[in-house]
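Dropping the structures in below, format is structure tokens.
After this come two complexes, each holding chain A, first together with chain B and then together with chain C.
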Partner chain A sequence: MRVVLRSAIGRLRLGRDQRELALLYVACLVGALLVSLLLIEVNGSSWTRAVNALVDGAFQNPGRWGETLRRTAPLLVVAVGSVVATKAGIINIGQEGQLLVGAMGGAFILTLVQPGNPLMLVLGIALGAAAGALWAGLAGALWYWRRIPIVLSTLLLVYLSSQMAAFTLTRGELLLNVVPGEPNRLLQSAEVAPGSRLGIIEVFGNRFPLSVPVALAMALGFGWLLSRTTWGFRLKVLGLNPRTAQRAGVSDVRYGMSAILVSGATAGMAGAMMLAGGESQYKFSSGFSSSVGWDGLLVALVARNSPLLAVPVAVVFAALRSGSTFLSVAGIEAVLVDVVRALLVVALFIPPAISDLRRKRRALASLTERT
Partner chain B sequence: MLGFLGNVLTDGPLYESTFRLAAVLAFAAVGEWVAERAGTINISVEAMLLGGHFGAAIAFTASPNFVLAIAVGGMVGVSVAALQAWLSHYLTADQFGIGLTLNILLLGLAAFLQPRFDLDTRLAGVTSIPLLADIPVLGPALFGQRWPMYVIYALVPLTWWLVMRTNWGLEVRAVGEDPQAADVSGIRVNARRRQAILYAGLLSGIGGAVYLFGQVGRFESGNIGGKGIIAIAAVIFGGWTLRGAVAGCLLFGYVDALRLNLPTILGYSLNSQLLASLPFLATIVVMLLFAKHTRQPVALARPFVRGLK
Partner chain C sequence: MTQPDVTVVVGGGAKAPSPAVAIRSITKSYGALRACDDVSMVLQAGRIHGILGQNGAGKSTLMKILIGLVTPDSGEIHLAGERVQVTSPQQAADLGIGMVHQHFSLVDALTVWENVVLGDRSSRLDADRARALVAEIGGRYGLGIDPDARVGTLTAGQRQRVEIVKCLRRNPRVLIFDEPTSVLTMEESEQLFGVLRQVVRDEGGTVALVSHRLEEVLKATDDVVIMRDGRVVAEMPTSGTSPDELARAMVGRDVRLRTSDAHHMRSGAGTDGDVALRLSGVTVRSRRGGTELDGLSLTVRAGEIVGVAGAEGNGQRVLADVLSSLRRVTSGTVEVGGAAVDTGRAGAMAAAGIGVVPEDRHDSGCVLDMTVAENLALTSLDRVSSRGALDLPAMRESAERLIAQFGVSCPSPDVPMWTLSGGNQQRVVLARELSVRPKVLVAAQPTRGLDVSAIEYMGDRLREAAADGVGVLLISSELDEILHLADRIVVIYKGAIVGEMPNEAVDMARLGMLIGGAA
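And now, the complex of A and B:
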């Protein structure tokens, strides 16, 4: 057994840096886990119950991994878009708003055109993507026109978008579903037309919408676009050194804008697909985005801007989300998941940074030894 | 129309709430101004404010002493800032990612831990400064507030002196303009940046605490909701000058106060969504008008790694 293990490790040929990195990852993840468990105990509940509830909710109970997959799709799509923007050196952190605006745009076709058909589904998602692109493009335009930092404008637009969504849900002639004879207590739209819903795939009793394969295809597609096409290469040049890009004839405005539009469009598309895929009973409401945009951005950051790595990370984040619904049943506050997720992200940020630092120190040390 | 304008310009309570709202923004903005002059952007001021808000509430529940609670709030702000500083300017992880994560972490922590504590807080007493508080219209707003609010009067000049007149301040500004040159001349770039962020954390933490005792009186995890972001906007609005940042806080505070007070001034309510988005909308419009005329610290938001440009 030992020999087998040793030869397996030998075959992997992990260098000193990689071994160190792996060790750091394990240490940091264990650390984050310990802090989370401690928090649960401090809050007066048992951590075994919490972990059980999370695992049951995310995978173990019948039909739950389908639910996890359903929640993976929008996270992955948002993350892929964020990767595109980050590659071009643009810091778009307003995906939450772009997603909400996308879902709102989609709702104008998906919930208002009854009884709907597949063409309306496509149109609805396209309108969602366009709305998201517009929302992000606004920030892009403000940057290239007046040099207002994109970080800030995208963030401010998040707060604007939630008010805008709330506004469309106060008017019967916009999205609000007015039920005759009933007071409008629930500010939400009508259901998505039955004909315009995303198809449901069923595997062993696990049901998830078509957005899951679409998201996976987008991750692969953008992975290819970024690493194998001229467009992707130019984005990378722009992100690594804008001055070099300019000398090489890569237009800052054109490629930068294309990247931010793509990231907005994907976020918007994610929102529209969430709506068509059955999120909150196919109804649009002002809290519809429920932090999926923030999470998607974090997925991209944790995956270190690789669309392919974003897939497993998105699954983990989605599992935390679908598991959290079981937490409240077990009598533990569901916001715990926010804390765990944030700790997890911090834990995943640390190892590559430390390993970088140590590598540089070693290089520096060997340099001074020689001289 | 003229009557309405007259009401908006001379309404005493409007100015009082303007000052209160501007003060909490100013704590965060003055701190963030220092951090931005050092070349960093900290979205986590939101988390620092919330940390101070929550920390002060817990401390006050444990022992009802305003000064102690405000100090604890400041320390919680510093701890959040320490995380941000260590992660993004010692380990050079992405500062925006860290900021965002810290915001989520603190919001989650506050919401998760709040039921555990039986929080019991109240407003501090009103201290009117004699004579000054009798000035018509502006007097009560500037000098008839609950006493924790007055802390900001001391902090603004102190911060200005610290950044503009001390050696430390000069190094902080150098690090924000040209980290490579600063490094060559022997300044520890990332150390200065970390210290600037810690200072921002201290001020934001105090700001969160003052907001608790000077305005809201009771802790809610949603109380801060976006104030940190507006504070950052105020720094940018002010063109990275201290007086500009303070002016930005007053302007954004005025807009926010208008939102709260318009119904009583006008006698009827405007669309509530429009009013709620007013501060954010105004921030964008104002930046649109003024952003191009300002010069930002050259190395703003650029992480410093030795040997890299």
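And now, the complex of A and C:
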């Protein structure tokens, strides 16, 4: 424990490089914010109103921070899974599809088994995780069997997943909720059985589902798994130097596949928990994933592959989501939030990119200097 | 472009011409470290100058200053009597200074001619002209190379040819070679020295050969400058010196040179130990169908050092890869201590008791972005973990022990591996491989790129390992190293062992023939 503490303190003491990095972060964020505000002004709205609406929507108004937390959960769970894959050197970018497939898998139990019970809830989430793992596993199998690049296959499987989800919503014997006497224009499933819904926690009038503490626990758990277990250690070796890994006994099929499956399972689980947690009124529809998968991937990227850092980043991303609903109410185009988010992401990428570049140069210099 | 080298001397030429390069009082510090401390030297046209020194003596820094990669804190550079400020390699090229770097700056995916014209700023890419250029320069200097070959498929020696062609095409007046032979076979080195000779003799150029190898400085240079700790400590014509004198000046103390006395101490040792490693009829075919190992058989007994001699590119790399579980054999068996090992299965060789100090430690020896402690624990994770959870204090403790035991110089076990110097990275790899008490230790080109004292250290450790009963397989294209360390010498040629002899009864003529494939 003492060693851990000491190394943590050692890390906190900022050297010149870290100070520069911190300064760069601040400069980039301020830059991004200025550009965002400018865009809002140019667009004919007032930036003070926009900021007020965002803050109101995300935190200030009654019940809003509960809403923000509700949206944080799936982002965080997806991000944690992405971190695991990236650590192993695997670039899974298909979380959007894995999440959708997971929600769909969950829907087969959660919406079809009525009136539902806690066991069905657990089974539904498990089936969602399994479906997500299967979806990502397909890409993994293609890679280890025929060397089809995972970036491509995971991405393309996203499109396949939305077609598949749409198909299940065209048939009454699958997920479509057929209401007698009404044309089924809505193309959505029945509601999640009341007994199978995730419990709701209420704090000071803020309501959020149980998926929030679950997500937090997963972030902590995977943070521990990655840094303190032989599994995490081996994933890291595999990701950083596959040949050294092979020599040291880290089988790329075994560990690489485990990382892909975990990242798919977490995305799938996120989808199933969204459904059981009340997303789109507990009904599954073909647009159900609504970019949570993509955003979760971004959270992982911005958090620089640290599950713990992903927690605050996920909150920020969720706040932008929940705040954006208030923008349209204030007469400002909600699309602006997407622009702001993109600007923030870009701004957060610049400092580490610069420091990486410097580090590489220095490593190169030290390589030649000493000879 | 200026033309500083045109000096018209009227009359009988009573005035001595200015030297091609004069370096005056160059100083360069990196923080507290003085890489170059008031260095002055003169390089004459028509001569090959050896610049000798250990790693860290400041030779590379000096050359980088000359080529404009590093700006000196103070001092002057004069080219043919005219003071110049070299601020970039581009400008150095315009001034007629070219450098062939130790680490190649080639793009693997491109062909030879593409690499040669890579730095060009001209608007159009003329493939035929570039091909002709490569062929022409190659022909002139005897550096034959296929302009359309992909660089990724070339051997180290061939890659260096590409680098040299790239440099020579600009017709430099001053040519700098930074440790050029560290990746070359004996033959290739000879060939390189021929090229150098031609540059100075036929074209009146100036060559600076940076090296830490005594033999090559003695063999290839006219003058030698010796640097130590950032200073010039001696300067002399090569013909009037001896290896011992150079070595003393270079390290500042008497070193044990590569003579056979060290080896005599343990000659005949270990020849009757149990068989630690046995390869029988090992054949490896590449995916494209080429045969990389061709029925290779050899045995290593416990307590002996077997040296695998041979010119580079005869399957040494594949042999090391097989013993690192990086390649699966097409046929044949590998046995460690009498038990067959499943080749190609991750970690199988390490688990069976084969430690490897690989040829390229960055490729399969260590993880640069992980800490020293983590790198030391790579192959023995179960020792620093219980039921899958890492025991960080134990990992740190074992790292501290190994760091002390193997004299790794690093500020803490928690610094990333990439912050260490090459020699210290090598020690980390060696420490890790020996810490698991292997039955067999494979050392592939273990001293490549290391300085004299690091080489000495490596040799001592290998001998110690053998004395402890480890079977050592030393794969090296440096015959000296093998003669110096091995008890038994086998020769690899075209993927097979073609001959074997004990070191105490070595027949140099036959050995040379075997290596050349003529026996």
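In this text, the second predicted complex is superposed on the first by the 342 of 371 C-alpha atoms of A that agree within 3 Å, B and C clash if a C-alpha of one lies under 4 Å from a C-alpha of the other, contacts with A are read in each partner's own complex, and residues count from 1 in each chain.
Criterion: a residue touches a chain if its C-beta (ideal position, glycine included) is under 8 Å from a C-beta of that chain, and two chains touch if they have at least 3 such contacts.
Keep in mind that what you see is a predicted model, and the values were worked out from it rather than measured.
Applying the stated contact rule after C-alpha superposition, one finds that A:F233 touches chain C and leaves chain B untouched.
Once the two complexes are laid over each other on the shared chain, residue contacts for A:L210 go to neither chain B nor chain C.
Once the two complexes are laid over each other on the shared chain, residue contacts for A:L174 go to neither chain B nor chain C. In the superposition on chain A, A:A330 contacts neither chain B nor chain C. When chain B and chain C are set side by side, the one touching more residues of chain A is B. Once chain A of one complex is fitted onto chain A of the other, the partner contacts of A:V345 are limited to chain B, with no touch recorded for chain C. By the touch criterion stated above, A:R247 is placed in contact with chain C alone, chain B being left untouched. When the two structures are aligned on the shared chain, A:I91 is found in touch with chain B, with no touch to chain C.
Touching of chain A by both chain B and chain C, each in its own complex, is seen for no residue at all. If you check the complex, the residues on chain A that touch chain C are 3-4, 7, 10, 228-231, 233-234, 236-237, 240-241, 243-252, 254, 363, 366-371. Interface residues of chain C, counted against chain A in their complex, comprise 30, 35, 55-56, 60-61, 64, 101-103, 178-179, 324-326, 345-351, 356, 358, 363-370, 374, 378-379, 381-382, 385, 388-390, 392-393, 396, 414, 418-419, 421-423, 449.
Residue ranges on chain A touching chain B, taken from their complex, read 39, 42-44, 91, 93, 142, 146-149, 151-153, 155-157, 159-160, 163-164, 166-167, 170, 291, 294, 297-298, 301, 333, 335-339, 341-343, 345-346, 349-350, 352-354, 356-357.
Residue ranges on chain B touching chain A, taken from their complex, read 41, 43, 83, 87, 90-94, 96-98, 100-102, 104-105, 107-109, 111-113, 115-116, 226, 229, 232-233, 236, 271, 273-274, 276-277, 280-281, 283-284, 287-288, 291-292, 301.
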